[in-house]
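Okay, so subunit A shows up in both of these, paired with subunit B first and subunit C after.
What follows is the complex of A and B.
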């Protein structure tokens, strides 16, 4: 009888217990939900769509016949299949490197010069806008990177190697932070990028607008900052290693729903 | 010329919720650049909203408003198809006006 009473008491106690205090992650999720309604990425999307159709560059041409992998001028659904192999350049390209090709071939821009330009300056500003609009055209679709071509599989293996490669003064690798679930930096949850971390997480959440800095970041810029945090030398814009990491993350994220352009702290 | 605003106006019964995203640097004048020089203040100073050309709201803004600001307000008595206009003027005299239909 005493035991039964005790159990009843315990049940009552647990029933009346106050709600769990809000975790920091819950607080951030709430903050993001409030901001999501007015995601300034919208502004970049509109700008990107406009720029895409505008005649620009030394050749005074638009990008409307740019082939992002699904045929010339097809933008819808292209983003969730990038990076992929392109026959005309004979290499695996991500969104930004493909845009560089189009800007050079169609519009006559100097791709190497754009790649050297610091983020947020000159034509890199157009690059942010393109990335925002093109990714938005695939919002809600699921990642499905092709792996049919030998180069695509080779690039995946290269990306995997780069992901687990430990170096720098702190002996970091991408996997140090992104190799297991439930890790975080300060208050930001870090996705496990060795597998599909879920819809709209990790690879499926970029490009994104960063509220803290008021900037639109493409995957290239995201990776550039990851390299910085690892105390690695900065990678070249649209360089092979960044594309390879994109293939590795993208293939792992197969089936994840893209929410890009997303909103970040 | 500044980039366009994004305006959405959604009617629900008597009330219409207007959501506006503006593209602006909103520099406070408190920050310094890499060379240590003060970055001059540059922010939206006056905001006004109109319903079918008639002013329904005015606001004075300052340096404490964020970059690429988001503004939301409610208008009474707007009907679907009505025109909501939003205007801003910044401290350099640059201005922008955009319009959207209530849906």
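What follows is the complex of A and C.
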């Protein structure tokens, strides 16, 4: 009897064993999983789809014939092939710069003015919603940026150089934080963006809803805050350096599954 | 005649264009300079002159994470070493408690910071280093500094015996590129990010035997 009790006690003890102190990363993962059931990005997606179909701007037109790279009006699958080269502008464009083109040409908005508008204000609010919906239409698909055009390859090379460009008071580059695997800032894991960091990580996790700020961030806004923390001057919205970095990260992420719009702490 | 000359000219232009499109490598240095210059603007204390690279940043950018040629690395390290100013009063060790506050503080030098003066800046140390054991929220980009002084046998930082490691540590904080040409660590003294008093507090945090780092 005594033995049985002892065994029972041992079993109970071993049963309790898995309740070891959780690592901080585990805790964060759990927190994200808890939140994932109701990612507020859903609301932005719905708003984006609605706005896309709505007649707006000086020309009172919708964006439904906007060509995101797979033909006019094709949204599904477009996001995982951006940035890419566009014949009608003769430029390599990411999602946001392409949206600027469509908003200007189809709806009559002033693209430069939207680019100058601070995040979270005016038409930048529409931009967040478009980015959420358009990325969601490629959720589960794998990144596959075209590199067939000479300008696409040139932009990749420029993006690589921008990624390693050290300057500013701290001598930081993108690579200072994102050039090696398995590193952290404080407790925040840092993806190695010089290669494919995996499904739903790094480039494949933006746009995202940021719980800490309660905001929907597109890749443009993500890069903007990276440059702030890099102690660099202010990057223009849809500026060449941001697009080149998009090509570099996007090509490196080839084959990674997009989970955007994701959920971030 | 005029037409013929025009024809000849355009034929030549085509030939040149043909050659250009076959040219294997564009002038990336020029294209990068153009891209950077056209992509940023001033915001608050973060002006576009921050994009200008000194010899160190230019060489390390070009290496793209790889090693520099030995002679280039050596020359850059020698130049960095020459920038180091030892403390004017000969004292290296401040208050480790103040050092811990600075190590915790990740502020400074962004376009949302008001001032670029050293007293507005944190050390950002925990972003990349483990330091005390009590602080579990530390980064891993730099090596752990836990037991930094203890592991190096520092029992009295003011002693002659400790002098080499004390000077090495001061140099590392002043200009990290003196020992590793492409070190990822900011040049706190050289860059005017921290003043002497702040650097002494950070020195105390990792070298003072009374600091929790060395318990």
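Following the convention adopted for this analysis, the second predicted complex is superposed on the first by the 245 of 265 C-alpha atoms of A that agree within 3 Å, B and C clash if a C-alpha of one lies under 4 Å from a C-alpha of the other, contacts with A are read in each partner's own complex, and residues count from 1 in each chain.
Going forward, a contact is a pair of C-beta atoms (placed from the backbone, for glycine too) under 8 Å apart; a residue touches a chain by one contact, two chains touch by 3 or more.
No experiment lies behind these values; they were computed from the predicted model shown.
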{"item": "Partner chain in contact with A:235 - subunit B first, subunit C second, else both or neither", "value": "second"}
{"item": "Which of subunit B and subunit C A:91 touches, first, second, both or neither", "value": "neither"}
{"item": "Partner chain(s) touched by A:149 [first = subunit B, second = subunit C, both, neither]", "value": "neither"}
{"item": "First (subunit B), second (subunit C), both or neither touched by A:139", "value": "neither"}
{"item": "Touched partner set for A:214, first subunit B, second subunit C, both or neither", "value": "first"}
{"item": "When both partners are placed on the shared chain, which of subunit B and subunit C touches more of subunit A", "value": "C"}
{"item": "Which of subunit B and subunit C A:47 touches, first, second, both or neither", "value": "first"}
{"item": "Touched partner set for A:37, first subunit B, second subunit C, both or neither", "value": "first"}
{"item": "Touching both subunit B and subunit C, residues of subunit A", "value": "none"}
{"item": "Residues of subunit A defined as touching subunit C within the complex", "value": "24, 150, 154, 157-158, 160-162, 164-173, 175-177, 179-180, 182-187, 190, 194, 227-229, 231-236, 239-242, 244"}
{"item": "Residue ranges of subunit C in contact with subunit A within the complex", "value": "21, 26, 28, 31-32, 35-36, 38-43, 46-48, 50-53, 56-57, 60-65, 106, 109-112, 116, 126-128, 136-141, 177, 184, 186-187, 191, 193"}
{"item": "Subunit B - residues contacting subunit A, complex", "value": "3-4, 6, 19, 21, 23, 66-68, 70, 72"}
{"item": "Contact footprint of subunit B on subunit A as seen in their complex", "value": "35, 37-38, 40, 42-43, 46-47, 211, 214"}
